[in-house]
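Here it is: the structure, laid out below.
Letters A, B, C, D and E mark the chains as written, and numbering starts fresh at 1 in each.
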Amino acid sequence: MADTTHIAKDERIGTESFVSRLMKRPELGAIAGAILVTLFFLFTADGAMFTLSGVMNFMTPAAQLGILAIGAALLMIGGEFDLSIGSMIAFAGLIFAACVVTLGLPLIIAIPATFALAALAGTLNGAIVLKTGLPSFIVTLAFLFILRGISLVGLKLATDGSTQLRGVRDAVEGDFLRPLFSGDAFPGLFAWGAQVGIVETFANGSPKVPGIPVEILWFIALTLAATWVLLRTPYGNWIFASGGDRAAASNSGVPVRRVKISLFVLTACCATLVAIITVLDAGSTDARRGFMKEFEAIIAAVIGGCLLTGGYGSAIGAFFGSIIFGMVVIGLSYTDFDQDWFQVFLGGMLLIAVLFNNYIRKRVTGER
Amino acid sequence: MADTTHIAKDERIGTESFVSRLMKRPELGAIAGAILVTLFFLFTADGAMFTLSGVMNFMTPAAQLGILAIGAALLMIGGEFDLSIGSMIAFAGLIFAACVVTLGLPLIIAIPATFALAALAGTLNGAIVLKTGLPSFIVTLAFLFILRGISLVGLKLATDGSTQLRGVRDAVEGDFLRPLFSGDAFPGLFAWGAQVGIVETFANGSPKVPGIPVEILWFIALTLAATWVLLRTPYGNWIFASGGDRAAASNSGVPVRRVKISLFVLTACCATLVAIITVLDAGSTDARRGFMKEFEAIIAAVIGGCLLTGGYGSAIGAFFGSIIFGMVVIGLSYTDFDQDWFQVFLGGMLLIAVLFNNYIRKRVTGER
Amino acid sequence: QNIVVVTHGQANDPFWSVVKNGVDKAAADTGATVEYRAPETFDMVAMSQLIDAAVNQEPDGLVVSIPDADALRPAIERAVAAGIPVISMNSGSDVSADFGALLHVGQDEFDAGRIAGEALAEMGGTTAICVNQEVGNVSLDLRCEGFTEGFGGTVEVVPTANDPAQVEATVTAALQSNPEIDTIMGLGAALVGEPSIAAVEAVGRAGEVMIGTFDLSPGFLEAVSAGTAAFGIDQQQYLQGYLPVVFLAMNANFGLVPGGNVPSGPNLVTQDEAAMVVELSAQGIR
Amino acid sequence: MTTAPIIGMTDVPPIIEMSDIEKHFGNIIALAGVSFDVRAGECHCLLGDNGAGKSTFIKTMSGVHKPTKGTIRVNGAPVTFGSPRDAMEAGIATVFQDLAMIPLMSVTRNFFMGREPTKGRGPFRRMDIKAANATCVAAMRSMGINLRGPDQAVGTLSGGERQTVAIARAVHFGAKVLILDEPTSALGVRQTSNVLATIDRVRKQGVGVVFITHNVRHAMAVGDRFTVLNRGRTLGTAARGDITAEALQDMMAGGQDMALLEGSLGGTV
Amino acid sequence: MTTAPIIGMTDVPPIIEMSDIEKHFGNIIALAGVSFDVRAGECHCLLGDNGAGKSTFIKTMSGVHKPTKGTIRVNGAPVTFGSPRDAMEAGIATVFQDLAMIPLMSVTRNFFMGREPTKGRGPFRRMDIKAANATCVAAMRSMGINLRGPDQAVGTLSGGERQTVAIARAVHFGAKVLILDEPTSALGVRQTSNVLATIDRVRKQGVGVVFITHNVRHAMAVGDRFTVLNRGRTLGTAARGDITAEALQDMMAGGQDMALLEGSLGGTV
């Protein structure tokens, strides 16, 4: 929240290094954590992890998680949770696949329709939370179960008894909107890169990395947009205020209800975006899509410095939080550690990353 | 927090019905929810659900969950979370089973040893949270992974590669402490009841209910003890204060650190108790034990009226929250609903229960 | 009649949804009232409570899977003691008779894994990964164990989560860091098999790495018939759901019961039959 | 002391008129029927003992509470405020006793919360942070507080600094009515006299001011009319000049005796 | 005004002596070297502009903040307070400016928080709620507040009621030193005179009182010595009788000019 514009000097202010000023921002701890994790893998993991293809490989799941985490982070800053986003992925995936495969709609209709339905679900979540004053934790938890259950039932209806709906890839073949939501961007660039030798190639000459997976671009774009909104728009100020102290914000004239409902809609739409991307990529959807993703998104946001109690956090923090999480989850496969230790490793790395981040911040800013 | 002792009458106080005074207590909403759910199943479920054996049947999982939920509720009132209790069940189960089966120790040594180790883990959780000032969510999340990972590795070590450790039942056969933690209490009473026809019997004449499962007794005892501590002891006051506002509590002389660490130890011990009971009952343990139980425990506590932000809640609320949850989960088996609809049903029931609870409370107390 | 089926597999698990379809078909064919119940996660404690709940309703027959004999023993024995005919299915063939079950329909996870391992070793595999999406789930762990024994070569168990993107990235990572790997064994077709195919393509080793998986999914079967994947193991779990219910209905009506266990699999679906099976798989029958 | 309208003021119609306001919280009766009005250009002091209901009353006036009974008229037309934002749009700015500040947010962001200045247009419309910072620092300085920087978190300000932010904000946005709930409680002497001078200034600009205080001398210094509440009821309204400081102080104490320390305080506390 | 010890007081050794206290928050310097002491039976007023550092200073005295530099002596022996509980055990009771109350808890539970009265023994040792309620209601009444009931949540009390709970609590438990940070800011006239009378009473019982206020008249009414802070430094200490109210007020304003409203306020704000 520090807008570093100093107006007058004051003898009551000691000198403060540039680093220390930077570290006061919530996201910069997460960057320290990300650097630590990167260093760790640089020393322990197979070199392949940090080749271009290796980076794309761990960035793809990180980006899918990150899109959710950005939404979750904004909602958390606004003082609420949404535990239904994982189920929303399955639900939106079902709706989208059903639109495309069962109803045969083109993407230009199917995608807005899916988003509209997701927005409706988000509004419902938000409206119940605000109307009743119940904690969003418990309300969205109910929707976690309900949406996942509906996805299962819906899938069975749409497929006559299977839990997997497929054929999406064929159905959208050649649709002009497809490259926006699926596959790799800038293939020409990478093909050229392969020719001139910047991009590694397979034996047959095709580039090892055919392009940048679109989810990574979405992830970056969303992070930038969310950061802009949070730090540079009135709406961003309202998000911080609503989460910081709901009564105080509302007494100061912030339209808290509108802000919170729009945030619920945003998280639902983030989940839908992930659903569309994964369904198009996989060509199918099933009832288990997005399982536990709500928690991973919250984890990423918290690693990135968001407070669970609301009112504090950043989108860039969530960005790096997702990357840390994605890197740790995939990174173990590049190391020689016994895979049985996977969870110990995951937990240990998470702990070390946040401890380090915390330690650095305290050291630098002189807090006690 | 209302200690209903009125000292002087005042013209500024309107009349307030007894019901309305009752409903101000956090737990009484949960009771309303429990009644609603009971009514629902009375109408939709097989009559067997509310026979003696049916009640014992859904109370057993409710009690196992409830023991955790009481611990989680106290910790939540104290302002912290422990996401590692699910994994703690697996971990403590492994330690306990290893003590009993691999090392062949008697219960009188194995049980205290398991509790001691769990208390140590709880202390570690608490110490890290307090020392670093990191949110307990993220610290205990790391332990969620670490403990589960260690359980997996430990199980493989203890069993030469399997993830299931068996043979506990044989190992503790005849141990004098066993009836305290396993099986059914008062078998004589129930056998007599079966003879005189109070207790239903199977065709072969054995009573349908051989006794009260010990976990139910533990559950009730814990609820009473926790309620006493919360409402009638200085320590209870400190719990509320630590969770309500940490800085204010500490400034008023509450030993916040000690309170919080002891609460982390308590939740770890609750998890251990569940682990010992289930391992003895099942005769085996595996690496998946307690999976997701941390969330169920938090859900039960929240249904029971605990605030996620701390400082408010009750043990009796968590008691009824667990019963609601247990009843809904098992209740479906007694109805004709298709299993595919299970999650929709579970989510819907949860939502209806909390909405109803909330509605009743507002109606009765006249809050707006 | 009233028959209850209690298993350890969730209704949204692709494998178990086929079992449930078999159960539903049997219910329709026999006219019996059949209820399918399963805990929300792999949870033996919860499963034994579901069995207790079933026994309390005194059904005319009970079908159970037995992934943990110790944990489920008291509940099953209580059912038998209460005079309810019990048939075990899927897992637990070794203890089924001890517990007093009439018979067992199914195939052991360990055996299925062993057969898959033998098949892949025969096809020339030397270094394999066994991709497990739910480490700690004993029935899945057993598949990997069996596979390790049957395969004979080096096998590493790779843990992942219930997320195709993550599975793909993890398998890619494993392939990138260890070029020796020439065999991938997945424990689920849609969740692990299909992303593994994508991963192999991503590292440019399509055709060099053999991919086998438990269970079937249409997408995977298409890959099998196209030759990019080796085989899917079909336990014919539709039968595991269908047969016990039919047997119990027969038993309740006429007192008829088969004289021995029914092995439902394993059945390797390879390139030749894959194309035929795709449609059935899409309908949740195989 | 009388509730009849004061001669010379009747020609100015009230901006806000509250009649017979009651407010219950469950079984607690906070207001048992209070009437009150503010006219343009006057400072109407609301006085009373602790717990008399002053804050509850002005919260109904600024849209935070819905009154259990009673009507609110703005410029003669009955209104119901659904939220504080509604009241703000009707031109009412309030300094709440609890200040309504977000501790983790910077001074500037708190100052402009809900009414952020923007520049640019369309998707590039953004907060004008430079202008906001400058306005905020200037407003604070004019109240007698030199901020270290406009980006300090409000949670780390001293009590008086924080209160000054709330007052400066309300004054900055107060259009027709300015409600001040004990605005000087945490202020230093210099800041207090600044606030009193500010009240005087905005009153002269035609804004109606509602001023709550426990300090009789402050009330007497700027008040045009005085209404005293006691235990949720109004004890009556008096115009300036119709009542002495001592009499007012007695009424504020709810008619109960005060501890014997008055000698050294010179009559008024 | 001088920092030399005052004749007639030197024979009483200070209970607490703070020397050269500095306190930095990151790069913010809140205290730049402040010395201060309190003796038994005196009321030492700590005065100063908003943001001068008064609250920060007394927080180091009551164990909330660790000083960045400087020493604290209690009865001549250097101490470091690890937590407010340590300071309490040394006999120091504090009313913080933010009151340190838990809004969701009842008045009684807040009153006794950290020092609950118990009855029974062993596992049956429990809070004596009846006695606690009675004590609490009586203590509040003696401060001039009639509670509706001791089980009302503190969050629903009025500002003054809440402040009174904090004062009554500190007075009840204050053993050797009582620190009051702007205790009368939200109080009504009756409650204020009660608090001033209370300060007078406990002082006579031999308790050392540290009294922070912005009201010169309150300070002059009960203070024995006056220390003024300005921008994190001390401007000096004066004994009662050595300084006039007007001079004190000028120093409190940090030497800066005040808005011109003084006439109607009779010299002191």
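Please note the rule applied: a contact is a pair of C-beta atoms (placed from the backbone, for glycine too) under 8 Å apart; a residue touches a chain by one contact, two chains touch by 3 or more.
Model, not experiment: these values are computed from the prediction.
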Common contacts of subunit B and subunit C, by label, are A
Comparing centres built from CA atoms, which chain ends up most distant from subunit D?
-> C
Chain of greatest Cα-centre distance to subunit A | E
Whole-Å gap between the CA centroids of subunit A and subunit C = 33
Centre to centre, by mean C-alpha position, how many angstrom separate subunit A and subunit E?
-> 49
How many angstrom lie between the CA centroids of subunit C and subunit D, rounded to a whole number?
-> 71
Among the residues of subunit B, which ones contact at least 2 other chains?
-> 12-13, 148, 152, 340, 342-343
Residues of subunit D that touch two or more other chains: which are they?
-> 25, 28, 98, 148
Would you pick out the residues of subunit C that each touch at least 2 other chains?
-> 11, 135
Any idea which subunit A residues touch subunit B in the complex?
-> 128, 132-135, 137-139, 141-150, 152-153, 156, 299, 302-303, 307-309, 340-348, 350-351, 354-355, 358-359
Note: in the complex, subunit E contacts subunit D through residues 25, 28, 48-56, 97-98, 144-145, 148, 152, 156-161, 164, 182, 185-194, 196-197, 200, 214-218, 220-222, 249, 252-254, 256-262, 264-266, 268-269
Which of the residues in subunit E come into contact with subunit B in the complex?
-> 62, 64, 83-85, 88, 94, 96, 98-106, 108-110, 112-116, 118, 125-127, 129-130, 133-134, 137, 146-151, 153
Residue ranges of subunit C touching subunit B (in the complex, touch as defined) = 4, 11, 20, 33, 35-38, 40-46, 48-50, 52-54, 56-58, 68-71, 73-74, 81-83, 134-138, 141, 145
What residues on subunit A touch subunit D, complex-wise?
-> 1-8, 10, 12-13, 228, 232-234, 236-238, 240-241, 244-245, 247-255, 311-312
